[in-house]
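Have a look at the structure below before the remarks.
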Amino acid sequence: MSEPAPATARAGAADGHGAPEGNPDDVLRVRNLSTRFFTEEGQINAVESVDFTVRDGEVFGIVGESGSGKSVAALSLIDLVDSPGRITSGEVWYRDADLADEFRDDLPEAVDGDFVDTRRLPEGVRRALRGPAFSMVFQDPMSSLNPSITVGEQIAEAVEVQRRARANPRSTRSRTQEYGMGRLIVDTLLPNRGYTSESSMNRAIELLEQVGIPDPAERAHEYPHQFSGGMLQRAMIAQALAGEPDVLIADEPTTALDVTIQAQILNLLRDLQEEQDTSVVMITHDLGVIARMCNRVGVMYAGQVVERGTLADVFESPVHPYTEGLIGSIPDLDDPDPRLQPIGGNVPSLLDEEMGGRCFFADRCPKAMSDCLQDIPEYAADEGCDDHAVRCVLAEREYSEADALPADYFDRNKEVRGDE
Amino acid sequence: MKIGPLSISPRTIRNLRKEFRSSGLARIGVVLIALVVLAAVFAPLIAPHNPRTQNLDRAQLPPLGFTDTEQQTQTKIVDGSVQTVTRNVTVNATATYPLGTNALGQDMLSRVIYGARTSLLVGLLGTVLAALLGVTVGLTAGYYRGRIDDALMRTADVSLAFPSLVLAIALIGLFSRFQADVAYRVSDPLVTSGLAGWFRDMVGLPTPMPETFVIPTVVVLVVGFVNWVWFARIARGEALSIREEEYVKAARALGGSDVRIVFRHVLPNAITPILVLATIQVAAIILLESSLSFLGFSGTTLSWGFDIAQGRGYLSSSWWIATMPGIAIVLSVIGINLVGDWLRDALDPGIEGEGGM
Amino acid sequence: MAEKDTSRRRFLQAAGSATAAVALAGCSGTGGESSPTEEPTDTSGDSMQTTEPQQTIERPEPSTRDGYLQRANRHCHDQAPWVFLHRQYSVYGVSDDINWQPRRDERVDAYAIEPATDSGDSAVMTQSQMDSGLDPQDHRETPTDNIVLQAYEGLLERDRQGAIIEVLATDYRRLDETTVQFTVRDNVSFHSGDSLTPEDVAYSINRIVKESVGIASPQSDQLVGVAGAEVASSDDRTVNVNLTGLNPIVFQSFATYCDIMNKSWVTSHDNAYINQNMEGTGPFKLANYEQGVAVEFTRNDNYWQEAAALSGFTINAASESSTRVNRLLAGESDIIVNVPPQEVSRVNNNDGTSVSAVPSTRVIFNAMRYDVEPFVSPLFRQAVNYAVDLESIVQNVLQTFGDPTGQPTLEGFFGYNPDLDPYPRDLDRAEQLVEESGYAGAEIELITPIGRYLKDVEIAQAVAAQVDELPNVTARARQVEFSTLVSQVTTGKIEDKPHWYLLGWGNATFDAVQTIQPLLASDGALTSYKNDELDRLLDEAQSLPSESN
Amino acid sequence: MGYGRFLLKRGVQGVGVVWGVVTVVFLLRFITPGSPIDTVAPLDASQETRRQIARELGLNQPLYVQYLDYIWELLHGNMGYSYISSIPASVQVFQKLPATLELAVAASVVAIVLSIPLGVVSATRRHQPADYAATSFSLLGISTPNFWLGIMLVLMFAVELNVFPTSGRAYGFMQSLAAITGPRPFFTVVTAWVASLFLPAITLGTYFTALITRLVRSGMLDELSSGYVRATRAKGLPETLVRYKHVLRNTLVPVVTVLGLQLGTLIGGAVITEAVFAWPGLGSEIIRAINARDWPILQGSLIVIGTGFVLLNIVVDALYAYLDPRVVAE
């Protein structure tokens, strides 16, 4: 077993043996996860050495501006990063005793106690975790459902794939049942649906009912374009729950919806989460959603989790100036101080070549110091509590005017480097 | 950039540049098209021989790099039966005829170069005609909608029901019976001005070039006429959506005349997909023209399709006669298609596979 | 006398115009006349004569029909209303699996084919086109002829040498000036089993010549001068044929035309049926008919003569010569028609196939309209002839499958003038003649059909290129569809014709008149020329008895 | 709107288009120079004969009477009689139709069987050798005139290698079926039939293979980047299902539309392929009819093609609506 390692200086320690230390309630421990996109313009470091944990039955929030890498981080969890993106390093430890037993002998380095590192599992197995282990709700329900297949059928598919998987748990083949082009041609020409069964369709209808869709039996046979946005998001949630996942990842589930609908969907998610005791990773740019839904929260900036901890830790005693800025930008009804403090500057480029070895927030940071011009590890924010961690030198020392960088430091450097 | 009343936004130009830089294929396409255009325009300057001049003694010479073992057959009729004496003669290629010669001893390279003229002329003129016709119909239908739209689009449906090649051979075949002149002969300015002669003397190719060039007018008219539908469909779609734009509504509210609105507002905004379609259509019409000349429905003998049809009878003895013009067609159509892909990727007008051969 | 002349004249004129389309289209109908009547006399040392202006030489008035026709040919040679080109050959590709000799009249009779190897006793022929329906009396072109003649027979036919032989008639004779009598063969049955009766023969003749009987047959003019037929005696099996006047070539006509059909079969079916089925007396009967695709025959085992050697015969078509050759070489076909010169060596060098060729009855020429500038000048017309290198065209374009000509009439025909040689190539002389004609600097355009005659386009392009070499004439060739050209030359009005055009003319009668009359006499159906002297020579020739007929 | 009503509406529109086709075909004879009498009458026909022929063909009637007559006869299945062979045009045209259909169907089968896997491979292995090969092939395919391709194939496979017949059609589909019971050995017949069909089908099919490969590739790339693919994967659906049941199926929607529009190209391609291979179909018939001015045959052929085009487009629309339910709703 691993030694008790301090939360400090964890970032660089990629020893790769054993799951990171944590709370026994953890269901997911993400460590040092990096995802990069290799584009014609260059390498983009969308997710950079991210660490966090998710516990049983809690809602973990990831908050950040758009472009901060939070969606990519979510996709990395479920291994859905598309080319040209690739997860380049890191571990995703997932607690599943059965799975751990199965691989304990064959892949000892991927198993630690009840935890398995999904990154080290064979791809087929990793894929098989989608549905029963992880599932995801996406931002735009309109584009996240196949427009040419009925809603019920799509949910039934999700049910069916798990039904088949249970019948033969470790064979990925059993889920496809040789569903290839030949079968597609038959399915296209003949009006029967070759994949799903009647029972899975019934289950789909149940699920639709569960997420609060009226007349589910009829609506199951309708197509996505016949649904309203809110209804569609409910259907998406039903689809995501079809596999009874341990971890449900909700990527901006309410952003594309009317404000009035947003609350309904959040309530639904909350209710279902409590009912089914599922863990939820809630990804949003909306601090209000975080405040309302989450137990713990991670703040992302430029691909990194810059601060994480319990809701109270982060909201009430933020350490990182970025977190402070974020929270400062919420109008607080209790404290009618009219002066909001928006964060100056723009989200930084994630192009590898343009990211120096420094705190990425330094160029926008009101408290930037010369210490910030180096790689910043993760520090424990509060003594004795490794739950609240922050990537900022301010966790270790006080801000000092003397070390402050000149206001135009980054502008000058840009000119020197000749960047646009 | 300003092209007449049509403006192309800087963003479009930037996209074009970006796509061009990132796509080697687009560059190949531009080079191929440039070659074809240069060959077509400057044919009288660069063709090594007069494409019509025959030299029966030099017939069926192989292209450079090949030798041909020709079986010279002397035939005599004795009592109604043929007696042949065959001897094998090795025929060597000469640099004078780099692509060989055909059965009449005409230089294949010169014919391929002049054939580019016919293909390009018919391709461009036919496309312009089809575009004028189709865009007019399409804009009218899309702008006025209602009954006019219905009537015009049903006409388009009827027109679509006749495959363009079938309609083209029917029209050419039926109309050219009594009016034998299916072609219009124009004088070649490069030759009549003496420029070609001067240039050729200078580079040491003193052969006189044909003073006139044949434009197969009936073919141009027919290919233009049979391909208007594709333009009509695109233009109509664009007009339907553009007429709902606020600025068009505003122009209408201000009492602008329909013609003015269409020309000032609708057409310029519909021009991108039309241009992309036009590019693809040039390729389609070049293929159509070659098919027509291959089938013998053409107004000129200086055409790739015609040469292929002629060479077909010599496949076993002189494969190059049918092969060279075929390669010319393939390369020029590839060039246009590559440029079409480039424009489509850069401008993204959302047309796919419209327009046929 | 004069009246009689006129009527003969008119008769020939009608015959000429009627055969026009047929002859043009490459479908000479008549069988080979008896072998060439006379060997050409020795013409050595006479060649200079042909290049002299002939008008200056006094020649005695001829006294025979042959003499007048030879004089007419000399006139044509001198006045050069055409650019004289060549005599076309019929070139076949033949598989070694069969024994068969080609005929001059372009007909392929499967009865004359014998299997040569034991690779089966059926054969396939590929011609350039399929039939225009199977009614033997409702067509007039060679491809259909070759199909219907396998199943239908006439009263008389010609053997390979061209002599008239009896087929469905056992006897034929002239009763008086306007009546001839045929005796119909007994014990002949149609494919259906019906017996051939004199009634069938009379009906078949009437179906051709009388519009009121059956159909308006396009073959009526092939039997021109025949008014009708009736059964003379059923017991004697005789049929009398009534003529409109004295018809010197009536038996020749019947030896070529008039297939005999079964009257009861014809009258009980509609045209569509008759065009898709066959009911003849011939050595083969129809097995399968796919319109425009193929016709399959099987042997008629009840044939009145010895049954055919082949058990089956299939005719299909490919308009592309290379396709036909490929079929022959691939063993898909046993006989193919019209092998182009460039394919000859391929066919001959291939194991198991060879080329078989005969000179045909077709002459290829470029007509020059006498009424338009610059062709109005005989000097200019001669100049064009001198400019053409006929030798080179025959050698290089036709690869020797052609004989150069210098007069309208082909060697071996009645009226052929053996003293006339083809024009030699003489560019200086041609240039000088152009200057003398006063048309220096003329621009002329030769119209040619595409693919109708062997290498027609290439020949026209060669001619144009050679004439273009004259420094004082610009010439080029332009091709048109054959149907376009035909529609222009057959209007009967000289103004509708192109100024200069390539044409071929098949004349199956082996008589000079059938070429000169329709093409060059001032009242010819397809004429491009008008000259009183030539008309006079023809009139004289037609008023005299013919040794050959 | 229900599926049935949707089809009914398309059907009614189709009838209208067919009527337009018939009208155009009828008028074609009057706007082109020359009279049918010239085709039918002998060259030396008298004025009386010509008048007689005009009466027989009904040409002495006013235009609208001829038009109504023509439609009336058409409705009774009568397209007139060939000027050349006297055979009813309907018989002659429908005799030629199977050969052309056979060619078109074979080419479509070739195209679909080859192109969809090619397109799928190309899209799913983007920027890999397989993709480059498929992309190059499709570029070449849409740029090569099919008559030239046909000639080259004949040169290679029929003349040089002698593995396929050079031209013509052996037996045909129906005769091959009949050979099961018929006197000819079944295997020989079918082999000959398929062999004769092979090169023409490849010649005609190549353009469409290339075209569909391109459409499938670009369509699939578009679809693969759409949101539902990620969602479908996220719910645990195996890649095969994602790729075929979801992505490919949606890709086929625009492909089917374009193919509907390209049917004319298919028929036009068939005409020229028939000319290259001496294939005895409708295309050869049309060229013959044009050259011979055989109006009933030409008109009949054009009407059959036009009607076939309309019918096939209704089928395509039905398929389209089936694949993409949003269409019916519009």
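As written, the chain order gives the labels A, B, C and D, with residue 1 at the start of each chain.
Rule of thumb we're sticking to: a residue touches a chain if its C-beta (ideal position, glycine included) is under 8 Å from a C-beta of that chain, and two chains touch if they have at least 3 such contacts.
Quick caveat, the model's predicted, so the values are computed rather than measured.
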| item | value |
| --- | --- |
| Among all chain pairs, the one with the most C-beta contacts | B-D |
| Most distant chain from chain A, judged by the mean position of its C-alpha atoms | C |
| Chain nearest the overall C-alpha centroid of the shown protein atoms | D |
| Separation of chain C from chain D, taking each centre as the mean of its C-alpha atoms, in whole Å | 41 |
| Computed distance of Cα centres, chain D from chain A, in Å | 52 |
| Separation of chain A from chain B, taking each centre as the mean of its C-alpha atoms, in whole Å | 56 |
| Rounded Å distance between chain B and chain D, as computed from the means of their C-alpha atoms | 24 |
| Shared interface positions of chain C, touching two or more other chains | 320, 481, 483, 487 |
| Residue list for chain A, restricted to those that touch at least two other chains | none |
| Contacts with two or more other chains, residues of chain B listed in rising order | 173, 177-178, 312, 315-316 |
| Pairwise chain contacts, counting only pairs that touch as defined | A-D, B-C, B-D, C-D |
| Of all residues in chain D, those that touch chain C in their complex | 34, 38, 42-44, 49, 81-82, 84-88, 91-92, 95-96, 99, 154, 158-159, 162, 165-169, 278, 280, 284-285, 288, 291-293 |
| Touch list for chain C against partner chain B, complex | 89, 91, 101-102, 320-322, 325, 340, 342-346, 348-349, 354-359, 392-393, 396-397, 399-401, 447, 450-451, 457-458, 461-462, 465, 476, 479-481, 483-484, 487-488, 498 |
| Contacting residues of chain A [partner chain D, same complex] | 75, 78, 80, 82-83, 127-132, 134-136, 138, 140, 143-149, 154, 157-158, 161-162, 165, 172, 175-176, 179-181, 183-184, 187-188, 195, 223, 225-226, 236, 239-240, 242-243 |
| Chain A contact footprint on chain D (complex, rising order) | 116-117, 120, 126, 224-228, 230-241, 244-246, 248-250, 252-253, 323-326, 329 |
| Residues of chain B defined as touching chain D within the complex | 154-155, 157-158, 160-166, 169-170, 173-175, 177-179, 283, 287, 290-291, 294-295, 305, 308, 312, 315-316, 319, 322-323, 326, 329-330, 333-334, 337-338, 352-354, 356-357 |
